[in-house]
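I have placed the structure first, in the form of structure tokens, so that the comments after it can refer back to it.
Labels for the chains are A, B, C and D, by order of writing; each one numbers its residues from 1.
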Amino acid sequence: MSEDKSRTGISNVAPGEIRVRGYDIVELMGRKSFAEVVYLVLKGKLPSEAESRMMDAILTSSVDHGVTPPSSLAARTVMSGGNPLNAAVAGGILTIGDIHGGAIEQCARILQKYAPKMGEPSEVAVELLTDLKAKKMRMPGFGHRLHKTDPRTVRLFEMADELRFSGKHQTLARAIEKAFEGQSKLLPINVDGAIAAVISDMDFDWRLGKGFFIISRTVGLIAHAYEELTREKPMRNLGISDYIYDGPPPQELEDH
Amino acid sequence: MSEDKSRTGISNVAPGEIRVRGYDIVELMGRKSFAEVVYLVLKGKLPSEAESRMMDAILTSSVDHGVTPPSSLAARTVMSGGNPLNAAVAGGILTIGDIHGGAIEQCARILQKYAPKMGEPSEVAVELLTDLKAKKMRMPGFGHRLHKTDPRTVRLFEMADELRFSGKHQTLARAIEKAFEGQSKLLPINVDGAIAAVISDMDFDWRLGKGFFIISRTVGLIAHAYEELTREKPMRNLGISDYIYDGPPPQELEDH
Amino acid sequence: MSEDKSRTGISNVAPGEIRVRGYDIVELMGRKSFAEVVYLVLKGKLPSEAESRMMDAILTSSVDHGVTPPSSLAARTVMSGGNPLNAAVAGGILTIGDIHGGAIEQCARILQKYAPKMGEPSEVAVELLTDLKAKKMRMPGFGHRLHKTDPRTVRLFEMADELRFSGKHQTLARAIEKAFEGQSKLLPINVDGAIAAVISDMDFDWRLGKGFFIISRTVGLIAHAYEELTREKPMRNLGISDYIYDGPPPQELEDH
Amino acid sequence: MSEDKSRTGISNVAPGEIRVRGYDIVELMGRKSFAEVVYLVLKGKLPSEAESRMMDAILTSSVDHGVTPPSSLAARTVMSGGNPLNAAVAGGILTIGDIHGGAIEQCARILQKYAPKMGEPSEVAVELLTDLKAKKMRMPGFGHRLHKTDPRTVRLFEMADELRFSGKHQTLARAIEKAFEGQSKLLPINVDGAIAAVISDMDFDWRLGKGFFIISRTVGLIAHAYEELTREKPMRNLGISDYIYDGPPPQELEDH
């Protein structure tokens, strides 16, 4: 059955040579940082100096958040069942859905929709929030269950200012934050929202948004899986140990 | 049911503060490269300048190898079924088993067993290979289905020499390669073997070996999943399109 | 930190006793078929005789579809990388997304929305298709890339007729099929659509729709992973072996 | 690049016809139970009446064990992060490793090694345990953290006796249990060990052992993921909420 040949624009591999986005991987080694290579692979070209430094900061910002997030829990749980490291990491990455890490994707999607047509940022922010409200949606990337002001956001935006690397998506994100200020509940930009704004200013497609979080958090997941393997007993109780059963009462099979 | 509290040595998180291995994540952002942070998270301390450069090179070396490896295939296949990016990446990482990428782990395990007691490297290499032969095992991390000489290995060892960063594990790996030379089949150190030797000289536990490959390849997997999403039709035939059925012939149910 | 206790209505477990939806698992063993237990676990009560026979048929219908579907390919690819059986099955299940198997969920969602308000089925079918067209959506669960008439659909509906087990969701599905008849492209109900209609008539929530396919296909995935393990060499080329690279041309790093 | 065609003995699919192990899937629907089809797919032929009833009981025995096992926890955790049902089930299945469910595989491997050469069962049991002790291994499939006598084991063996379906692997398993009796710690055959013995008497390869558990538990995992989706808030704390950090004390970056 003759099929069309596959096409790819990522890598070209031949005996003795591996080229990624046109660059010989061996030439990249030792000359470009891993963060620059991440940018290259996902964008198709090398970053500027400012983009390179922002990429390092983005990938550092989400590298770990302790034992409590769902991804750490899942990675440890898979490891605890007696599985290899790759299965544990995969289990952790599986949790990174719409609610956990997924805000980067959704926030970037919205910023990329509204920022291009931007006149006065504060007006666009109000328009955007009104549109979301009409659809009964909340703005992703704002608010955090633990941090009142997310210190990672502050640092990312501070760096963007220093590097004079700040475009209309960051401007819009800050305008949204301002628009929330009158409200009862504090809704500061969280790290997901900040990453969404910065990668949007780097002209990354929002559909890659979750990718930066995944690359970064994979590092923490490996550390958690390894710590589980080396410090804990297999099959320890990592989750619910006590529960209330509120389903059907005991049934006799003869009843049927 | 009273359970012992969990203990962790990775991160400590409080409102407004995230410390990884003791360092404030916000202070790391903009001052340390992502490769240095990877080292920190997995090792518990910051790397030296030479270790930092080697880590960048290691993470760059395995970032992608085109559309043919099992991990690219699995990531694209999951994406093609209409799934989110994290599921596609998890599917790709699941393939990274004993055969694909797993050689780092196994090679590092063996190097870390034999290198400490090392007198004359060539003798230890012969002893090690004799031991493996007795167990009918082959030495992992040597030979490649495509590359006769793996250019990534050459570059990693060249950098290690330049940086005067080369210890007994690299010495042993090179001695094993030499011991293979008389054989009919070429068995040069491949990139898995080279990474195994270098991380062993950095004093990483072999059980973390696959982790470096996973962090690195996750980047390529995201690129493949994204390319599949944006360039290809869903459910295209990515794998076997033509096959020979050689199972039982047609059976009538009445026969039973 | 005091947390609310978890609640569950599925199972209650004590030393020496496991009750699922109120029934002692030991009493179920040997008295109820596995298909009846599947119904019990997912529905919370035991099925009628007709429901029990339909459940057996549903679970049988999707048990395997050969080596070409994405799920078989992913399961084999994970196994081929040197991984345990559970990782291979997980890889296969990951592919079962919106496009592969997901039509059950989406089709059931639509049937469950339109069937309750049903007057004349043919009119509701036209209304439903008009609504979908306005949203630029196609009706899931109709048409198949290989089978012109899906034999599994024919058999499921035949059984439902024989067992006098056919409700408004099956009626609506057939009315939709009829409404398609004038069109250029044949769009018969496929097995996903048939399962969607039958489980809707059993009053299962559409959000469980994919679950029946997953339970069923897991069996085939185990067979494929096992066949890969026992008949094939590790790391064989299961997917793309030939490709055209159409990304950036070779780049010199010095250019930057 | 010309590749050998793939071969498969599982299914043969053509337009309008799907044959599994030679049987038309449409003929199986309505005539054979799902448990019989599971046996057919994994074994390559249909079961006898006794085998069919044992298969129903095996698949029922492991269908769920409440909210506490690692697989339930992982499935709920993935769902809680905002992911589709298939990702949640895959996360649950990933946990089913050497420690959780994997005992079926390992126990069956050992029983299949020792049972064929069996003279006096009690002597083989002692020989087997002596061999394991020499390798510092424990016998998998015996003992349970919750159940002193596993009621599922009792029922499986009771059924096997009634159906006169009991071969040398069950005999050996019971002899091992007897050999343990003198010991301080109670080590009764658990459900994993019982399934291992019964599928070995059905002549299934031990490498398929985990498969029966996976098929069975997939049902429970779907119920848990669905309950999480429909009863709980996203991102609730399912695991570790309180922990002690015992890693490096706060570090100043300037120190380096």
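In this section, a contact is a pair of C-beta atoms (placed from the backbone, for glycine too) under 8 Å apart; a residue touches a chain by one contact, two chains touch by 3 or more.
Here the structure is a predicted model, which is why all the values come from computation and not from measurement.
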Can you list every chain that touches chain A and also touches chain D? B, C
What's the farthest chain from chain C if centres are computed as the mean of the Cα atoms? B
With chain centres defined as C-alpha means, what is the inter-centre distance between chain B and chain D in Å? 29
Report the inter-centroid distance (CA atoms only) between chain A and chain B in whole Å. 22
What is the distance, in whole Å, between the centres of chain B and chain C, each centre taken as the mean of its C-alpha atoms? 34
Contacts with 2+ other chains: residues of chain B: 6-12, 28, 32, 66-68, 83-84, 86-87, 90-91, 94-98, 101-102, 237, 240-243
Residue ranges of chain B touching chain C (in the complex, touch as defined): 66-68, 70-71, 73-74, 76-78, 80-83, 87-88, 90-91, 94-102, 145, 234-235, 237-241, 243
Touching chain D in the complex: which residues of chain B? 5-12, 19, 21-24, 27-28, 31-32, 44-46, 83-84, 86-87, 90, 94, 240, 242-253, 256
Interfacial residue positions of chain A with respect to chain B in the complex: 1, 3, 6-13, 15-18, 20, 25-26, 28-30, 32-35, 37-38, 41-42, 53, 55-57, 59-61, 63-68, 84-87, 89-91, 93-98, 101-102, 105, 146-149, 151-152, 154-156, 159, 205, 207-208, 210-211, 214-216, 218-220, 222-224, 226-227, 229-231, 237, 241-242
